[in-house]
Amino acid sequence: MYSFRNDYSEGAHPSVLKALIDTNLEQTPGYGTDRYCEEARALIREKIAVPDADVHFLVGGTQVNLVACAAFLRPFEAVIAPESGHPLIHETGALEATGHRVLSAPSRDGKLRPEAVAALCRAHSSEHMVRPRMLYLSDSSELGTAYTKEELSALHNTCKEYQLYSYLDGARLGCGMVSSTAPLSWTDLGETLDAFTIGGTKNGLLFGEALVITNDALKADFRSHMKQRGALLAKGRLLGVQFRAILENDLYLENARHANALAQHLQAGIEALGYSMLLPSPTNQIFPIFPNDLLERLCSLYEYEVQQPMDEQSTCIRLVTSWATPPEAVEQFLDDLARLRAI
Amino acid sequence: MYSFRNDYSEGAHPSVLKALIDTNLEQTPGYGTDRYCEEARALIREKIAVPDADVHFLVGGTQVNLVACAAFLRPFEAVIAPESGHPLIHETGALEATGHRVLSAPSRDGKLRPEAVAALCRAHSSEHMVRPRMLYLSDSSELGTAYTKEELSALHNTCKEYQLYSYLDGARLGCGMVSSTAPLSWTDLGETLDAFTIGGTKNGLLFGEALVITNDALKADFRSHMKQRGALLAKGRLLGVQFRAILENDLYLENARHANALAQHLQAGIEALGYSMLLPSPTNQIFPIFPNDLLERLCSLYEYEVQQPMDEQSTCIRLVTSWATPPEAVEQFLDDLARLRAI
Amino acid sequence: MYSFRNDYSEGAHPSVLKALIDTNLEQTPGYGTDRYCEEARALIREKIAVPDADVHFLVGGTQVNLVACAAFLRPFEAVIAPESGHPLIHETGALEATGHRVLSAPSRDGKLRPEAVAALCRAHSSEHMVRPRMLYLSDSSELGTAYTKEELSALHNTCKEYQLYSYLDGARLGCGMVSSTAPLSWTDLGETLDAFTIGGTKNGLLFGEALVITNDALKADFRSHMKQRGALLAKGRLLGVQFRAILENDLYLENARHANALAQHLQAGIEALGYSMLLPSPTNQIFPIFPNDLLERLCSLYEYEVQQPMDEQSTCIRLVTSWATPPEAVEQFLDDLARLRAI
Amino acid sequence: MYSFRNDYSEGAHPSVLKALIDTNLEQTPGYGTDRYCEEARALIREKIAVPDADVHFLVGGTQVNLVACAAFLRPFEAVIAPESGHPLIHETGALEATGHRVLSAPSRDGKLRPEAVAALCRAHSSEHMVRPRMLYLSDSSELGTAYTKEELSALHNTCKEYQLYSYLDGARLGCGMVSSTAPLSWTDLGETLDAFTIGGTKNGLLFGEALVITNDALKADFRSHMKQRGALLAKGRLLGVQFRAILENDLYLENARHANALAQHLQAGIEALGYSMLLPSPTNQIFPIFPNDLLERLCSLYEYEVQQPMDEQSTCIRLVTSWATPPEAVEQFLDDLARLRAI
């Protein structure tokens, strides 16, 4: 049974795995102080054109979100996230466990808008209230959408106005960057964000998220924060080796292009069969709405997540492609769908 | 300038102050282990007819809320509060600072409804999500409304169904209990809640909230939790002396009746002058809506809180009465309002 | 049975109580924004000759320690306290509950020494370790000892060398300031400390600790931190009224002189009867060592704390005097001791 | 330059790496719910003969320590660790960051003794103090020593007497288990501990620690705690695959035997050359004391950690072997040492 459940169902891209194999018995110092990490850091700084950016490698997405929150904020300061943001839904209260409130901003498409941010800032005006201090953005978002450069710039301006930091969770950054409707360059990220992650787990690494900090105010002592939260990997070079492998030859964006192309093909094919989407997605997660009786048959052929019931007869599901998805799987899905639909 | 800003603008009711004066030079052991605290505890247990209830005395409302949250919940468990609940608005993230999320339930009138609670419980079904575990109720609520016994019973059933604790913040408990539309007896509280506070600060004490824990599962080691959060008052007997004074002769409810009566008179008088309320309140906080130009004149005569702008021309304000409000102040306000309105 | 158990066994000094009575029915704004608090703040700033010091009023000692720790430190930073320091012994882990380690420095007499501080700083040199950042001092200390101005200056220099803040818990500040062997002036405090408290609870107030912050780096947003930890008293003026009463006519130091004088008389009298002390104390807490069989008789006449067993035959107890101790109680104790000793 | 700095300088044992390669493109569900994790869990339950043990796989040692602490303890409860224990030295306050104090027990050899535990329990007797609740043991310890079964049993009894949980950090469990002086069987662990980890990172895995919970009271909701602290690996099967590979053919203990044998040979060789050890170690970490001038030459040939200065002329260093250490490296070290010594 093929799984479109997620983009972390497989291991690593062969090139990444090869890099791990090639360096396996080499001795290096621990905790990210090795030369592979340094080289991966240099590649990132060069790509984003921020020579003094700090770059840290962490293992997972919730982990990097919580360490950033703990490090960047003072106790009474709060995060603003869109209502579908990962910290508000799927991190078991990880940010609150560091002592901080996450404020929910209304959003239909997974993206934060300047007006929603401004409204929350204006509503939190007294010392009896938490103080909004950091935006949580994700690109691509939990709903598959992506920020344009103009949207990020507008949020950047809102941040300046209200003294906020902008933090972007790039667990699916590649798919956002190469999306057709909201393409971003590496330098766009450095120009509009105070900190962001480059997600590896969902784009070809065994595991790993690179945190890039461009705002000097957020840099101090970050490794101490990582260690305190259990986020300083002993064999840190594993992260450096993997990120070097995926960044040095643009494999990172190639993988994302592959994932996006397949998802877009899938989305178009499903629509051509007469089904609608929860919202149009330009990236590797798509959200088709199917009749429940069709899903009863489909679920014996494919794995996927249920996104939400739409009404008594239909349900929105999530289908995800990745660097590892074979084109044949997508074709087969469309064939099966056409067949099942005809029953 | 008379203030209707709050119900904690003055000191203590004279009977309470006298009790403090009478016992001032007596020596007692510290931290709430004295006989005055014991006597006050006995009075409470008797009133609510729960002989084995645990009773603790704390200084302030945010303090008791945060200690209860820290003591009652495991790290990944969350509180459900109505969207206007004190912890979501005016406690600077005190509950989150103990590591717990506070989930916001839709509510127009400051009260939690079983359906809203059930919806949040059903939506939090996986280990990737926080687990709702405690209801935060307030009676009377931040919007002046109060729970009927039937409403508390219904919530009690919801709690059983979803394995939740019900915690009621009684900062303004007296005014809720003696409200005309939602009266509660002391025994109603013991029957429908796992824990609740009896607010002293806003009802005649210099300061003090009594926390009553009726659910055995929540009792263990509460004093250790209090101490850890700085909530174990050295001269704990000050709390016992005050609570004994206000509870032994029903002064607690008398004070609330006084406050409610004046607020209701004020509300009726304002409505008689043609102004509407944000919502009808049966307790000591009322929420009239006035034209902005009227408020410009009113604010030089009276102090009050601005609740919220309604539109470009009018604003809702909050007027609060207390045990200490002289009836003359209310009459004067209505006279002044009639006069200003005529201008 | 007379109690030498503590210096918070009684209520308030009559002058302080009178100030509360006199202002009881006045209306003031809440949360320490009233004129009494402002006047008390002005008195403190003038005494310590630091016109721009920030002054906050909190209810209790553990509370102020934990809010200061939460506000002043970043997550991986640690406090250094002498091994007998209150946060290490009697605060149920209140500072750790804010996420910070408290490092224990060897100390026989309750005081921190520069060498012990320096040794801990040198031993914590890597990002895998907590970073010492704040000294916890108490004056007078938990063992009755007090810092000389020279000692505070030396620690101040150590703080500069190792980038530490010095915080002094003044729960018994008065008794330290007027001690015969280690007198301090108000201006000494302002000159050598980054922050300190002026303890009211143990020196004539019903309750209350004033926190004075002289270091600009520690001032920002302290009221938000207070609110978040439940430490912003609704009727904040109660603290202002009391501190004004005790500070405006030097009653604060008078009370301490009374307490010290009686304790010193008691100490001398006990020594004259042939008993030794755990260590000499110049303040209001003394630590005589008595044979266990004598204590068996003494404990039916007086209340006191057991400090520690010394050997199989003898035990060190703590006797505490206060502003409220009548001289007759001390004389009676000495008489009784002489009598019991003779049995 | 060969490094004896640590046992995590290389990647994975070839068999483990092969298992990752073989399964790389397989699709599995995430977060440790895959069949590889289940099989690894089954292997562990079988080895320790506790069929209902809960087994969780986490990435790193500090991470598993902090999640266990957060999950197992209530806020005012404390950990007891030997003074050289990892959480007290090298985890940047990770346990305190979850709100808990770590009490330091005197220990010269890295091991907790029942008397030291009992003394701390007796000294923490009031609600004003933290309550000791969990032992932190490590086997082998940070000083290379290991617990005998009798020692673990004695601690187990102490735990029963004082209502403590025993938690053993097995970051170097293999080396402890196969040590000549303190051998332990898998079933010994299940019989004497409430929870323990099986360390993979230092014994042949790329990364990974298995947490085994045998005490029912500690099992509930552990995965929620993991997720909240960022410790639920998305591609959780990577941990299952590795642990299955190292456990199914006893490779785990074989690797440890290799490491121990080389370290013991090194220790004996160094002693034969006339140098003494800080303490005798039966495991893979040894602590020779060398003259400083010798170290000046040695450090250009080998990497190692400095443990501590002994006096002005000599320093204790730590040499660590692992599954990856070639016997030739040890021989070469001894040859070089003999040569350098002769200079």
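Going in written order, the chains are labelled A, B, C and D, and every chain counts its residues from 1.
In this text, a residue touches a chain if its C-beta (ideal position, glycine included) is under 8 Å from a C-beta of that chain, and two chains touch if they have at least 3 such contacts.
Small disclaimer: the values here were computed from a predicted structure and weren't measured.
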item: Rotation in the CA alignment of chain A with chain B, degrees, nearest 5; value: 180
item: CA centroid of chain A to CA centroid of chain B, Å; value: 42
item: Separation of chain A from chain C, taking each centre as the mean of its C-alpha atoms, in whole Å; value: 51
item: Separation of chain B from chain C, taking each centre as the mean of its C-alpha atoms, in whole Å; value: 34
item: For chain C, residues that touch 2 or more chains besides their own; value: 70, 75-76, 91-93, 97, 99, 127-128, 224, 227-228, 232
item: Chain contact topology (line, ring, star, complete or other); value: complete
item: Chain D to chain B touching residues, read off their complex; value: 70-71, 74-76, 99, 127-128, 131, 221, 223-225, 227-228, 232
item: Chain C contact footprint on chain B (complex, rising order); value: 2-3, 5-6, 8-12, 14, 17, 20-21, 23-30, 59-67, 70, 91-94, 97, 201-202, 206-207, 224, 227-235, 238, 324
item: Chain C contact footprint on chain D (complex, rising order); value: 75-76, 78, 89-93, 96-102, 104, 126-130
